[in-house]
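The same subunit A turns up in both complexes below, where it pairs with subunit B and then with subunit C.
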Partner chain A sequence: MYKIDKDNLPELFKFLTKNGTDVFAPVRKGNQVNFESFTDEVASTLDLDTLKTVRSPKDFVLPQVEHLFDATIENKQIKLETSPLADKPYVIFGVRPCDVKGIEVLDNVYLKDPVDKFYQARRAQGVIISLACTNPQQTCFCKSFNIDAANPQGDIAIWLINDSLNWKSLTDKGANLTTQVKHLLQESSDIDEVEACQKDIQLKIDALPYSRGLPLDKFTPDKLLEIFNDARWDELSKACIACGTCTFICPTCQCYDVKDYDAGKKVKRYRCWDSCMYSDFTLMAHGNSRNTQKERFRQRYMHKLVYHPDKHHGEFSCVGCGRCVNKCPSSLNIVKVIKSFEVDN
Partner chain B sequence: MCCSTHDELIPQIGVITAIKTETSDVKTFSVVLADGKGKAFEHMPGQCAMLSVPGIGEAMFSITSSPTNTECMEFAIKACGKLTDYLHTLEVGNQITIRGPYGKPFPVDDVLKGQNILFIAGGIGFAPVRSVINYVLDKRENYGDIDIVYGARSASDLVFQDEINTRYKNDIHLTVDRQEEGWTGNVGFVPAYLKELGFKTDKTAIVCGPLIMIKFVLAALLEMGFKKEQVFTTLELRMKCGFGKCGRCNIGSKYVCKDGPVFRCDELDTIPDEY
Partner chain C sequence: MQELMKAKAQEMLSNGSVTRVLAWKKGDFETNPEPAFFTKHVDDMVYNQYCATNLSNFMVGVEKEEGKTLVFLKPCDTFSFNQLLKENRISRDKAYIIGVGCEGVKVIDEMQETGALLEKCNVCTKIKHMVYDELIGEDVTRRVTDDPLTRFKDIEAIEKMDAGERFAFWQGEFSKCIRCNACRNACPPCGCKKCVFDNDNYDTAQKANVTTFEEQMFHIIRAYHVAGRCTDCGECTRVCPQDIPLHLLNRKFIKDINALYGEFQAGADIETLGPLTDFNIDQDAEPSIVYDRG
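Moving on, here comes the complex of A and B:
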């Protein structure tokens, strides 16, 4: 274990950026906190108290827009210039335990069968420094998904206690980074302090409204057709305005589109986030397999609660971060969906 | 899976070596690699490839040639959208991009081996079926009797006329939707014609065509005494990646691009009716 004073963090970040590592940390801009590239200018607005960034750290492993290649067509000849794979090391600092799990969910999709090489390269360059949730919010329900907000995962875990950061490396990547910045850290044996902090977090989490257990046992792949055909989706989806906010702020929403941008001399092919909430998501020349918003709404929740678990050994693709609970303009969210299935029809 | 050394989403460059006009809106394109190295990749019948013209778009197409065609890959494409309309304007010598193969093929080397096979196709749905038929005909000794039932809106909408009149001649039963001048074959929809032909149930059926046709053909086959386990079909949904990542071609927890496009019909009972 190591320690560093909160006030000394900018110095640590500066050391890393000087040595060629990008640092992304939660920074306040106006009334929003998001992970931003660390520079001297943002040092004063570093915000480790706000629990959740508006956007999830998904951006760093699966960017909203990813350039794949440039194509030129001259004299009927197509030439492709492939985008290089990510090769610059970076640190995401202050990732909450739910968001760490969110990246693990993405890993289970993008690092397997077949491996997405753009994702793999970017993921390999990143070190995740997680931050325990000393002040969980009413909208948090990570515990329902067996995520322990007191024991953050990632490469290095941090507990912020009295303006001092308790630093514990968890992986080889974390150990390497720790070695690199060792001269800025103090050795620490305050295990009791961390344990007390963990206990405090766990008590707070247990007192949250959604921690009393969401009826997730209702969502099992063997009941796929039963849940899919349930009449409750009609009522649940009625208020959905198809804005797609839930999919963009979600740390695990992973669907992408592949598009071309004609830049005049060349065509840029890129992939970008897409949303199953949009009507053209499944539109084909011969028709659309999901014609109503009910079908699109159902797809999103079925994917999180039944389809993804069916493909990934029971792992739900919701991490209980509560962003959709906060941000949906129609007050729809996954908690409402899960709870509505509590009683069998 | 693929031949790209970079990422699966990075295609290879192909060149069109022949274009055959099949009907007023269907053309068959022969494609090889632009670098002269022959076919872009090996595939099995029923598998698909992503074709693209940069700046226009990229889409999934079934490979209509059999793997036994060692010269090139063929794609029978109906002009029905932005990319397909553009492909129809291309000429021999034009280049496109190609990546694949994607999806699970028809089980030609195991389940179908030694079987009598009944091929049933409607409209452009003949494209993936042709790959299997030619594979079976090229390895004739491995399979039992074959029958082909093929229907289209009109006689001029029947694709692969050359093969219908030669290679398939003795095995094919044709039908068109409406009576027309000069047509001496059957008139009526494929499911009804199928029942009229009254095949014995000692066959494995392969069905491809518009979804509505697949549903009625399956009902007809069941009425004739076939079991769902004896019927294979191929489905189609919008796709962007081709390998189960982009998240748009799922039916329940199955991705059509990866777990399909070929499904045994009893499998369809285990997935939602959302295709």
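Moving on, here comes the complex of A and C:
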């Protein structure tokens, strides 16, 4: 274990950026905290106290827009020029335990056969430094998904105690980075302090309103059709205004659309996040397979609670970060959906 | 007030004078009620200072459905209702409107009060219901500001910036946009059946924030499209997950319309033609004439 003062973080980040590693850390701008690229200008607005960034760290492994290739025609031949794969190392600092799990959910999709090369390259360059949740909030329900907010995963775990960061590397990647910055860290054996912090976090988590057990056992792949055809979706989706807020701030929403941009003499093919809330989601030549908002709304929750677990050994593709609970314009969210299925029809 | 509203809603549902009730339903926290339709019982209905949603917009969704809808509207929501009526998007005879008093809507973060009211509530002048069949608790409504110009203070500050500063200001704000379209979908006058940005024949997707240029296009086109029709209901700013002060764009148009064409409040009634649709060949034929007229 190591330690570093919170005030010395900018120095550590500067060292990393100087040596060719990009650093992304939570930065406050106005009322919002988001992961931003670390520069001298943002050093004074680093914010490790705010629990949740508005956007999730998914942005760094699966950017909202990604250019795939250019296609040009030369001598009646189509020439493809693929975008270069990510080759610059980066660190995402201050990732919360739920968001670390979120990246694992994405890994389970994008790194499985067929492997997504763009994702794989980007993921390989990244080191995730996670941060335990000293002050979990009302909308958190990570515990329902067996995520321990006191024991963050990732490559390096951090516990922020009295303005001092307790640093523990968890993987080879984490160990390598630790070696690289060792001269800025102090050795530490304050295990007791960290254990006390962990206990405190677990007590706080247990006291949260959503920690009192969500009826997730109702969502099993063998009940797929039963859940799909349930009359409750009509009611649940009524207030949905079909925006994509929930899907875009979600750390695990992973669908993308592929489009060709006519750039005059060439075609640029790119992909961008898609949202099942949108009317053109999975639009095909024959038309759309989901014509009503109820069907689109249902898709999101079926994907997270039934389809994904069916394909990934029971792993839900929700990590209980609570972003959708906090941000839905109509106060709809996955917790309301899960709870509504508590009683069988 | 909530109990009076519930009693009235239950009575009208039970005696069949309305088919459904559009109101707010209790959430799992006190602070997150959601817009909801009630067709049998109204036990879960709530009304408190966390009921933010402008329910007028949901009337568009039930316009084609059978029967009458009882809808509860706060004073500012009635302006939107009128505007939708004026644009023939909803019918007056399909709604039974109960105007309810409003003490301002509280801002919630992480299910807790931040201590602030919504921006629009701080500069609220819309204390009277513009359209209703009946009122409940209207006397609790209080005017937050006596100076109707207070709401233009932020606009004046932006007008005072030089072009470079102003560009930097908006670029900073627009670059936060994640193209979730919440502002568009929550906006009552933003009601095209098929939004120009949803046209899949374009090779620039509405969901991709490809360049800052495109983000600026989206918000500015939207602001132009609702100019003269925006009632300043503030839903765009309320729903933005990235906290972009979108109402400033609309309010700039409102301020300019007031200056160029005379005081106008969209949704105040359903008869007055909008300043941008009321065309007078002698006075409004050329922008320069309007400009010179001052």
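A few points about this structure:
Note that the second predicted complex is superposed on the first by the 341 of 345 C-alpha atoms of A that agree within 3 Å, B and C clash if a C-alpha of one lies under 4 Å from a C-alpha of the other, contacts with A are read in each partner's own complex, and residues count from 1 in each chain.
Please note the rule applied: contacts are C-beta pairs under 8 Å (C-beta built on N, C-alpha and C of every residue); 3 or more make two chains touch, one makes a residue touch a chain.
Please read these numbers as outputs of a predicted model, since none were measured by experiment.
For the composite obtained by superposing both complexes on subunit A, the positions of subunit B and subunit C are free of clash and fit together. In the superposed model, A:221 makes contact with subunit B only, not with subunit C.
Contact with neither subunit B nor subunit C is seen for A:191 once the two complexes are overlaid on the shared chain. Within the superposed three-chain model, A:175 lies out of touch with both subunit B and subunit C [touch as defined at top]. Touch criterion not met for A:124: it reaches neither subunit B nor subunit C. After superposing the two complexes on chain A, the angle subtended at the C-alpha centre of subunit A by the centres of subunit B and subunit C comes to 90 degrees, rounded to the nearest 10. In the superposition on chain A, contact is made by A:114 with subunit B only, not with subunit C.
In the overlay built on the shared chain, the residue A:257 is in contact with subunit B and with subunit C. Once the two complexes are laid over each other on the shared chain, residue contacts for A:203 go to neither subunit B nor subunit C. Of the two partner chains placed by superposition, only subunit C is touched by A:64; subunit B is not. Once the two complexes are laid over each other on the shared chain, residue contacts for A:283 go to subunit B and to subunit C alike. The least CA distance from subunit B to subunit C in the superposed model is 8 Å.
In the superposition on chain A, the residues of subunit A touched by subunit B in one structure and by subunit C in the other are 257, 260, 262, 274, 283. The residues of subunit B lying in touch with subunit A in their complex are 1-2, 6-11, 13, 34, 54-58, 80-81, 84, 93-97, 210, 236-238, 240-241, 243-253, 270-272, 274-275. Residues 68-69, 71, 73, 76-80, 82, 85, 109-110, 113-114, 116-118, 221, 224-225, 228-229, 254-258, 260, 262, 267, 269, 271, 274, 276, 281-286, 289-290, 295, 299, 302-303, 306-308, 310-311 of subunit A are the ones that touch subunit B when the two sit in their complex.
Listing the residues of subunit A that touch subunit C in their complex gives 29-32, 51, 54-55, 64-65, 137-139, 209, 238-239, 241-245, 247-249, 257, 259-262, 270, 272-275, 278-280, 283, 322, 325-327, 329-332, 335-336, 339. Contact residues on subunit C toward subunit A in their complex (touch as defined above): 27-29, 32-37, 53, 57-58, 109-112, 176, 178-182, 184-186, 198, 200, 203-210, 235, 238-239, 241-243.
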